[in-house]
């Protein structure tokens, strides 16, 4: 057990869970917004607010890290993990912002499918991050990683199918440009989730 | 004071200032070129030359780092900072090159605005890098970071406004493709400046 | 000689050579496919298979790294090198996949030129990686790096020439979008090769 190495009030695990919890909140809000076709400046502001909460927790982790003499994992790994979890909400915000800039605010069945996959993936990432507390959780972390990988592969296939269809059927090049960006960015969020899950797995493996 | 830990001839701070000074030179030249609408192969060569000078200083820093037993900051941090400062001039060159490839060499009011913001941001970055010499400079580094952040946010808003306008008004898809790339890359330079400023702040915080 | 620091059965060098050998196999297959204009789902599957073999070797290296108390180079460097070599085959697969999604499967003289340069560059990268075994190889590693740099510069010029021509002559914006992506991604593979070669050089320099 890692806990014996740290003072009782060490709360890095709590902070990581808080940070990934904010990513889950972002993914849920994104899915709701996309599913209901309610993309607006207000929705973007709400997502920006969630992103900002995540930034604050990320900042707390780095601050605590700088003050700590002993840390549960390598400092490099903590830095990388904080940044990568942060990227999930950042990218949700970036994508939403792009859709507003492009005025692509109507419902889109493919984007709804992506939003569902993103929510599923971020929930699996949360499960992996919660496993960091103890190497006994290795099995459940591994399972979460398998799920995140599966969703990333599914997302790749989905993006390819949707882009192939777009280039086949859409005759307006401006719309092709817009939708290509949007579908690619949606898929990128699944890539980021995969990166987070792999980082968690690698961190845990080193402790075994 | 950090200075007591290092031999008197230790010149990493000098080298960092030299490197960021070259980025300032690049940003000033870029602004002049864009403002005067004097984009040409000669201008690109000049920028390439500036980029090359920056590469040489970057190389000197890494070489000195490899020879040093004790360094003022973590080796990883020095590596990352050198690379990121280098990216400023690289990106100025990349953008200028793209404009030439796309034959988008006429004056553009939005790009002039970006060039002004980039110059301001790189000057603030220089101020931050100069603060590295001593933790007593923390306040001025922090102020520079706030300024760089402000400019990055302003750049985001500018890019969004300009892209929205482009997609609304420009009916030639080829021009949309070109200008979209150019505005996005211009904004990316402000992102890089923000990364540099944050790195400097984080390095200094660790010393306190 | 580094070998005295490690047990006789230490095989990290073997594994690195195996990994880069798989990248060579990928580059050769890519070139053949492009030259013969035989892009198909079967060809993509074959490349995916090569990519997968590379992933397995990468995984073996990381696993061995986690078990090793003493390593020939910094752990960070090994991690970064494994990931970057992996990126070569990944990117070959990504590009091939994109060409299939875009249905751009006919022969293309520019892409054939890129495929030739990629093969040459990956062979030079292999030469550099093989040099890692001993600091006595520094000269040959340096030579390989010079060659990889040369090819990257040539690739940049080629991409610029081809893009400029594309924007000048191609009137179908959808085709512009497709070919722009394809040429840019082809050039990116040369960038990755350059990164690998520089990493190898830096690792070796630290040992001298």
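All chains are identified by letter, namely A, B and C, in their written order; residue positions are counted from 1 within each chain.
In this text, contacts are C-beta pairs under 8 Å (C-beta built on N, C-alpha and C of every residue); 3 or more make two chains touch, one makes a residue touch a chain.
Just so it is clear, the structure is predicted and the values come from calculations on it, not from any experiment.
Trainee: How is the touch graph of the chains shaped: line, ring, star, complete or other?
Mentor: complete
Trainee: Taking all residue numbers used at the subunit A/subunit C interface, answer same if over half belong to both copies and different if under half do.
Mentor: different
Trainee: Taking the mean of the CA coordinates per chain, how far is subunit A from subunit C in Å?
Mentor: Each chain's C-alpha centroid was found; their separation is 28 Å.
Trainee: So which stretches of subunit B touch two or more other chains?
Mentor: 76, 173, 177
Trainee: Going by the contact rule set out above, which residues of subunit B touch subunit C in the complex?
Mentor: 62, 66, 76, 97, 101-103, 173-174, 177-178
Trainee: For a test of understanding, state which residues of subunit C touch subunit B in their complex under the given definition.
Mentor: 76, 160, 163-164, 167-168, 173, 176-177, 180, 202, 205-206
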